[in-house]
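Input: structures, listed below.
The same chain A turns up in both complexes below, where it pairs with chain B and then with chain C.
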Partner chain A sequence: MTGKKNNNLKGWLYLLPAILFLGCFLVYPLIDVLIYSVEEGYNSASQTYTGIGLYNYSYVLRDPYFLQAVKNTFLLVIITVPLSTGIALLISLGLNAIKPLRKLYQTIYFLPYVTNTLAVGLVFMILFKRTAYTDGLVNLMLRWFGAGPVDFIDGPYWAKMFVLCFYTIWVVMPFKVLILTSALASVNPEYYAAARMDSTRSFRVFYKITLPMISPMIFYLVITGFIGAFKAYSDAVALFGTDLNAAGMNTIVGYVYDMLYGSSGGYPSFASAAALILFAIVLTITVINLMISKRHVHY
Partner chain B sequence: MEKKIDFDLIERRAAARKRAFRAVDYFFLTLWALIVLFPFYWMLLSSVKTYSAYNSEYIPRFITLAPTLENYREAFTAVSLGRYFLNTIIFTVITTALMMVVIIPAAFAFARLEFAGRQIAFTLFLSLMMIPSELVVITNFVTITNLHLRNTFTGLILPSVTSVFYIYLLKENFEQIPDELYRAAKVDGTGDFKYLTRVMIPISKPTLVTIVILKVIECWNSYVWPRLITDDARYFLVSNGIQEIRENGFGRENIPAMMAAVVVVSAPLIALFLIFRNKVMAGVSRGGTKG
Partner chain C sequence: MKVVLENLTKRFPNRNKKGDDVIAVNNFNFEIPDGQLIGLLGPSGCGKSTTLNLISGLETPSSGRILFGEDDVTRLPPENRGVGLVFQNYALYPHLTVLENILFPLQNLRGADKLSKEDMLKRATEAARLVQIDGLLERKPSELSGGQQQRVAIARALVKMPRVLLLDEPLSNLDARLRLQTREEIRRIQQETGITTIFVTHDQEEAMSISDMIVVMEAGIVQQIGKPQDVYDDPANLFVAKFLGTPPINVFEGRLSGGRLMIGQEAVLSVPGAPDGIVWAGIRPEGFIPAADGEFTCDLNRVEVMGRDISVVCHHEKCAGAQIRAIISAESRPGDGAKTVRFRLKPRKVLLFDHESGARIPFEVK
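This part shows the complex of A and B:
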């Protein structure tokens, strides 16, 4: 009997460090953020508040900076998720069709995953930026096609959005290509052999065999892609600097951090409300995705 | 009269079509490879151009005939790049080491020990995986500030120590080690802790290495938390250092020096990846999140 009790104690003892850390930095903050979000007029210096209610939410939902951030984030999501998934699928199919050099290509394609987002973002900024000294490399290339110089970093909204989307796709591609190439490689070759016997056309093979077989992975990528893109932040900072509101390129996560910290910071209540709104959006989209995938994915 | 079928022609046509397809395929694969590689080439190239050469090129040149390492000297002397580097190494090593100390016993308890409440505890742990870090960062920021731990390594490290996902990954791995080994060890009178350190950890080394690599990548690139918790440049990590350099360092226009800093910051992880290529890719496909 004592042995059993001992065992119980030992089990929890092994878990103790993890429970302590998770409790302090994950569970408690989760509860706390809910409390923050309903404390009205919270003052971080005196740590007092004037009342309980939904004012923080209504403030955030009416804040033009937040609405701009929501617009930017949704545009980014709508553009990059389908594009990056589609391009990754094409690249993976291309990789799957070749033998020589495949490993080299795979290695190259993976490089953006292991690079520092802020550091490489700086390179992208330089490639796209116009300064007094130079129009930048991208504008040089545009000129070859007779297109006028555009300042992609401080210029019109569509140009800035283009760079942000381009950089985001560049950053997320490695993960998608990796997942899709391994999914393609694991399709049972007997299906293809059978299709060859029946001399099925290659598009039909793709549509009837390949796509259904890898559809779970495609949906996995779409779901993680949505979640990741909704949380975009560092990419934007890398391109446009830390004052994203001034650049008009803030994201929802950026709005949360700006409310918390820096020149515009000191409002954890507004930050909490914005973070919870983001969480609600992500949760809704994920549930919708899961419902769609139930209907279309073959397991 | 029956029409003669020219099998030879059909076969030649099929082969030609296949060759054409191959060529198009390689063309697009190479195109994407160039898009991926070009920023790396550009940062290397710009980092070895002299300041005056770079600024006099209204139309940027694709090669330089007079490479210089002056910018690298500048990167380490004009801003505290060396310190940012050292900070990041300290942060990465301690965070990763502490994390291993926390997750290994937890994974062992879930995989091997039998105790009351194990199932419930595990389910609760798994449900914690759904909590996005953006949600908890707010309170953690306030907590660390109230504990007066801003601009300290303790404040930087503490919230990044645990990962439910890695506990899960490791637990799955531990469970694959046959029960017989555990019972045999029990018969020999080996204690649980000794069994963990002498048998399970050595057997699970590949998974442990994968987790370490993923955590190192994560630590090296972390930006948001360090930015919130440090405003004293003496505690900046490389990401914050880069951002600082971009906004204040070198005078805004010394792009070659900036690029030298970017090369120095990017090089360690690229080297790590090229050495452990298969491990990194296998690890990311099992547990990657960026994307």
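This part shows the complex of A and C:
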């Protein structure tokens, strides 16, 4: 019996660094956020509060800036996740189908992944921003078709949303293409040979064989894509600057940040409540994803 | 369906661009009669799988023609040939059930061939019953044993009623017991359906036991085509003789002089009609008869008892292999402590081959 006890002790000892680390930097802040979010009228200078309740939540849920941020985030998620995954799948299928220059194309498609965010921001600026001297490249091209000019950075909401989605899709694409090309390459070619022997049309091969075979990878990309898009913040900052509320392009994470450190900040309780609402949204969506995947993902 | 292969040749470009092309199949000629089971046999890399892929259409020949009956299918893509192919690893779709796997080829039919749902189900269950997996239709391939997966693969190939059925190493993924059972299954299914069937194997026992005809290949070249027993008894060359038979044939370096075969100093057999010279002499393990006055003396290593027969392991300085193995009946066991053993040879079990080319040298058997 003592030997077993000893072993137990040893086991806990091995786990200690990880438990300490996770406890300090993950579990404790999580609990702290929960506590902040229910402390009403919390003052960070005097560390006092007036009562416990759900006022912070009701405030946040009624704040027009938060509602704008939720709308922006949901639009971003709903547009970019399916589009980026779909386009990445098309590109990967293309890459998988060609032989010559495949390596070159793979490199080109992967370049955005290793490019500095600031450089990307600059490129998008040149493409979309109107200045005193030029309307930007995209507007130049729009003029050929007799449209525009549209101010994509400071103009109407749909134009700004378009740029944000475009940017997000472009940034997340390389990783998805990389994952999907390797998933496609790992499908045993015998299945395709077997399908060919049975004179299967190419669409049916894709729908009945390729898609189920790579479904775990697509599922992985969708889940991480949802979570990543819900956590979007830096992309909006790179495009529209730090005062996102004024631009009407704030995201939920941006709202949390502004509540803490922004020019109108200093409200950790509101920030915590908003963060927990985001947590609840992401959790719900992920659970729904998992439930759907049970029927459509084949491991 | 009769299958005709005419001067079939397949060249692959060398990996090293300056090197010569690799000829995987070299000038293959064969007319496979309708409804027969053909075994394509040879060591790995001999071109047998390439031949199968040429017939299936997954590879296109460099030259030559393939005919199914009177149709020239050489330039037809595989989907239009009406061929059923069972892959070595079965290639069952892992995310589909057994039934869905078998239905898959039927669901591809279009136009006039299109079947109603009931007809598809009827044909699929018929195919499943033929290979005796009708109780497993709702399972996924991963829930089946290797032998059951093999049957599903055969059912999937048969369900579209192919003109020709091709099997690539059908037994290589099964354990020894299942292998025996499955090869009889394949024979039964082939006879029940009457479909011309070609299968590839490197296992000579497998090919000999169920085939109507075997084709022995080496280095892309057909060595011999014939009924299994004929090829075994009457091999065209040293390669075929060595490749067929377990235990393998014993090969000796011998000399012909005056119509007699000399191995070492002993004249072991009279071989009328064979010209003088150095030869390879192959003696089948069952060609030895122990006899006190036998012409052929070997040094005895050991005796292995196998029940009905015994295997006498000996050696001889002129033997090309490490040891000689003779299968004799248990009654004629050599005495304990014997250092040598003497044999008479059965003339029909002794085969002579040219020392240079390995070609068979015939002689008259009295």
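Keep in mind that, in the parts below, the second predicted complex is superposed on the first by the 275 of 299 C-alpha atoms of A that agree within 3 Å, B and C clash if a C-alpha of one lies under 4 Å from a C-alpha of the other, contacts with A are read in each partner's own complex, and residues count from 1 in each chain.
The rule we apply is simple: contacts are C-beta pairs under 8 Å (C-beta built on N, C-alpha and C of every residue); 3 or more make two chains touch, one makes a residue touch a chain.
Keep in mind that this is a model prediction, so the values were computed, not measured.
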Sharing chain A, do chain B and chain C clash or fit in the superposition? fit
Going by the contact rule set out at the top, does A:193 touch chain B (first), chain C (second), both, or neither? second
Touching A:209, do we find chain B (first), chain C (second), both, or neither? second
Using the touch definition from the top, say if A:28 reaches chain B (first), chain C (second), both or neither. first
Is A:58 contacted by the first partner chain B, the second partner chain C, both or neither? neither
Just to be sure I read the superposition right, which of the two partners does A:43 touch: chain B = first, chain C = second, or both, or neither? neither
Now for A:201: first (chain B), second (chain C), both, or neither, which partner does it touch? second
Check the contacts made with chain A and report whether chain B or chain C touches more of its residues. B
Chain B and chain C, closest CA-CA distance after overlay, in Å? 6
Dual-contact residues of chain A, meaning touching chain B and chain C, are none
Quick check on the complex: what are the chain A residues that touch chain B? 7-12, 14-15, 17-18, 21-22, 24-30, 32-33, 36, 44, 87, 90-91, 94-95, 97-98, 101, 105-120, 122-127, 131, 133-137, 140, 170-176, 178-179, 182, 221, 224-225, 227-228, 231, 233-234, 237-238, 241-242, 253, 256-257, 260-261, 268, 271-272, 275-276, 278-279, 282
Within the complex, which stretch of chain B touches chain A? 21-22, 25-26, 28-29, 32-33, 35-37, 39-40, 42-43, 46, 55-60, 101-103, 105-106, 108-110, 113-118, 121, 125, 128, 131-132, 134-143, 158-159, 161-162, 164, 167, 192, 217, 220-221, 223-224, 227-228, 238-239, 242-243, 246-247, 253, 255, 258-259, 261-262, 265-266, 269-270, 272-274, 277, 280-281, 284-285, 288-291
For the chain C and chain A complex, residues of the former touching the latter: 56, 58, 77-80, 83-85, 87, 89, 91, 93-96, 104-105, 107-108, 156-157, 160
Can you list the chain A residues touching chain C in their complex? 188, 190-191, 193-201, 204, 208-209, 212-213, 298
